[in-house]
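So that you can tell them apart, the chains are marked A, B, C and D in the order they are listed, and the count of residues begins at 1 in each.
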Amino acid sequence: MNSEDLIKSTDPNHPANLICSLCHQFYYNNWCTGTGGGISIKHPISNNLYIAPSGVQKEKMKPEDLFVMDPTATKYLRQPQLYKPSACTPLFLSCYKNKKSGAIIHTHSQHAVMCSLIFKNEFRIANVEQIKAIPSDKVCPETGKPIALSYFDTLKIPIIENMAHEDQLLDDLEKTFQEYPHTVAVIVRRHGIFIWGPTIDKAKIYNEAIDYLMELAVKMYKLGIPPDCNIGEEKKYLNLSL
Amino acid sequence: MNSEDLIKSTDPNHPANLICSLCHQFYYNNWCTGTGGGISIKHPISNNLYIAPSGVQKEKMKPEDLFVMDPTATKYLRQPQLYKPSACTPLFLSCYKNKKSGAIIHTHSQHAVMCSLIFKNEFRIANVEQIKAIPSDKVCPETGKPIALSYFDTLKIPIIENMAHEDQLLDDLEKTFQEYPHTVAVIVRRHGIFIWGPTIDKAKIYNEAIDYLMELAVKMYKLGIPPDCNIGEEKKYLNLSL
Amino acid sequence: MNSEDLIKSTDPNHPANLICSLCHQFYYNNWCTGTGGGISIKHPISNNLYIAPSGVQKEKMKPEDLFVMDPTATKYLRQPQLYKPSACTPLFLSCYKNKKSGAIIHTHSQHAVMCSLIFKNEFRIANVEQIKAIPSDKVCPETGKPIALSYFDTLKIPIIENMAHEDQLLDDLEKTFQEYPHTVAVIVRRHGIFIWGPTIDKAKIYNEAIDYLMELAVKMYKLGIPPDCNIGEEKKYLNLSL
Amino acid sequence: MNSEDLIKSTDPNHPANLICSLCHQFYYNNWCTGTGGGISIKHPISNNLYIAPSGVQKEKMKPEDLFVMDPTATKYLRQPQLYKPSACTPLFLSCYKNKKSGAIIHTHSQHAVMCSLIFKNEFRIANVEQIKAIPSDKVCPETGKPIALSYFDTLKIPIIENMAHEDQLLDDLEKTFQEYPHTVAVIVRRHGIFIWGPTIDKAKIYNEAIDYLMELAVKMYKLGIPPDCNIGEEKKYLNLSL
């Protein structure tokens, strides 16, 4: 197959098109301005890995800008001359291999950065409906599918320290795979967040739900409320009783 | 009538089209990211009930994704194979039956969640012009239509506790119909808000006005001002006099 | 002239089209959700007065929805059957008559509402570059045109009390015309703001600049800084010196 | 060459088109409402200087509105009759001459204004991933290109005092060229920010990254955290330990 055919499709859900439309959307969410952030999608049929390049303005991303690797990630099937591969590539490949991911999203969300300043080793929020969009550590015995968190559960996302270079995050990222075997995301201190899922649709939904929860956690924190406090306990932290 | 004909119309105000355009709009308001929230519209002529499904990304909603029930809500006239019915369905049906609603909107608005943390049993805000978009408990003796709240009134919206499953909210929702017979909305603690109206246009206007008022209430609260204080009284809560 | 011809034009700057595009834009600025706010433009040639109706969703406004009055405001040249005239109409007419306005914008901007809670009788902000978009009380002796405020000036906008009905604001509005003869805006407590100018372009620029300044004033206030303090004086109000 | 040909191109990256699309984008970022801000791009081939005019609504900017100067900035090749040249022009020309810029962006970003209130003589933020989008004062010995700041570095941007007229900023701007020879931006107190780069793409990326960092710095400041504190030190400034 010609390397250009890898990125040409009229299907808006083809990874080459979807990476671009999601980059545009994420840019306007303030998740990847200034060329920050990254994204990779595995083609659901060929299993080829599509990866947004380094240094490109996300709201201008075009299919021609993308790198494509073979399913075993041993060689590039397509390398745009103009760009360098994303520094996130080793992290993305680890998620594909170790988490059986179908897609990985990396943003510089300010809510993630703020939560990494407020929380020490893990982000925690409890008793919020939106938590139910995130899988728990339990699996349905019949279908084998992960069961979603319940409203009464606590969502915990590990926070790792940032390093000078993104590939140096690999060890700590993989350590969280051991310590939080069911997490779908890792926050990187003063940097942003990595989120993955079995499909790009799932990864996107996890990303939106977690970003919502991190935004809410910062708002609660500003009122003096620990985001993982018990239901009703929030009132004892408030100065003004209504 | 063929089940596909139920959702095919070139009229942008047909429920099958309007649910989709409103879902897109609500998504960009941060009201239903991560597949949160829901919406249902009663067809003004056939009285069929159109309901957005569970788990679909709201900004991608298409008419083909919608469920349609007959006017008595006893059977589905249309069920998309790919999706599950919204968990909100029993709550929507109760609003249709008990509140004579023409449409119901459910969002995960962070302003609603924040107000449910700040307020105990009901949200209250007084003496703000935007209140006049919401009906009062008075009815015009001549037309029989509800009279809008006045600028000097206090808007009160009941807050109910969230449960593990959305259908478990039904009892508490219906209890508010007794205790607040004229309310057009119920806030669900740490979850979001349900808003209804005789038409989708009215429900949408109520939703926007209430969301504006909840956003404003949180801003007032952050300055130490009780949102339902008397006019002029706000100054005594402020540290800095200008 | 047929009443329908009054609102039909292919020129995007014709008042019938411009009111609609501005309403759409203002809606997405959160200035007129829930049918709040209003706008009127005087046709620069015919001097007919175009006015957005009451109760219409601003992001859906169409030329057919508009009211048109003759230049002396004694009769309607066009009245859409579906809608009621805006309750702001008497206020708009007073601005046309007393301020020689070419257009008036009314928003429910939350920045205006917040400033009306923080400030007593007038909003004041000083020493911010954006002030230079607003006219001062001085007139150029050569051209007769108003001179813009300087960076070192203080912008003062009067705040009047809100009333049960919008037409009851007329007396207080006209009183500000005496007390602040050069103001281009009046804030209405817990309600919003009215802004006018010799043309719609000017009124829109004043609106954007004042909204920016009100937003900034609230941010300064939250840090404990009086928005009209002297340059450099802000540091003495801050807890953390950097 | 006819002066109209200077601004006619079907290439979206031609300066005449790019200035307009960037003005639209910047308007919706709240960076240049009320006609605030400015932008200039040097044509990469002809070296002609394209400059947005004074007083035009940025979201309506058209190629016909632009001024064009010859590469030595000694005369205008194109002057639209309707508009005045931007008051920023002398500052832009100085950046072209002294910083070998390919483009200059000037915004009234509220994050810049807030940082100019919080910080005294320079804005500082350290240990945030997004810093890596900004060049350091080091140059690669092999390629001669500037090396980006590292995650562990501190970004420092000088703050100069605002003046009554924009051309009066010239001396202080050029003084920063001596004192901060590698800075790509200067904040103007209570006014906004000027950002430049070797190309418009670079200038835009610097602008977005710096705006992101200023926004984050204000958020950190509100929690009591000095934005340039050491990693981990932020915890000692927080009231609530999580």
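Methods note: a residue touches a chain if its C-beta (ideal position, glycine included) is under 8 Å from a C-beta of that chain, and two chains touch if they have at least 3 such contacts.
Just so it is clear, the model here is predicted, and its values are computed rather than measured.
K.L.:
If more than half of the interface residue numbers appear on both sides, call it same; otherwise different. Which is it for chain B and chain C?
P.N.:
different
K.L.:
Quick check for you: after a Cα superposition of chain A on chain B, what is the rotation angle, between 0 and 180°, in steps of 5?
P.N.:
90
K.L.:
Greatest Cα-centroid separation from chain A: which chain?
P.N.:
With centres defined by C-alpha atoms, farthest from chain A sits C.
K.L.:
So what's the Cα centroid distance for chain A and chain D, whole Å?
P.N.:
30
K.L.:
Just the number, please: Cα centre separation of chain B and chain D in whole Å.
P.N.:
Once rounded, the distance between the two centres reads 43 Å.
K.L.:
Would you pick out the residues of chain D that each touch at least 2 other chains?
P.N.:
In chain D, 222 touch at least two other chains.
K.L.:
Considering only which chains touch which, how would you classify the arrangement: line, ring, star, complete or other?
P.N.:
Topology of the interface graph: a ring, with each chain touching two neighbours.
K.L.:
What pairs of chains are touching here?
P.N.:
Every pair of chains meeting the touch criterion: A-B, A-D, B-C, C-D.
K.L.:
Chain A touches which residues of chain B in the complex?
P.N.:
Touch list, chain B to chain A: 30, 33-36, 57, 108, 110, 113-114, 117-120, 124, 161-164, 188-192, 221-222, 224, 226-228.
K.L.:
Please give the residue numbers of chain A that touch chain B in the complex, ascending.
P.N.:
Checking each residue of chain A against chain B gives 127-130, 133, 150-152, 201, 204-206, 208-209, 211-212, 215-216, 219-220, 222-223, 225, 231, 234-235, 238-242.
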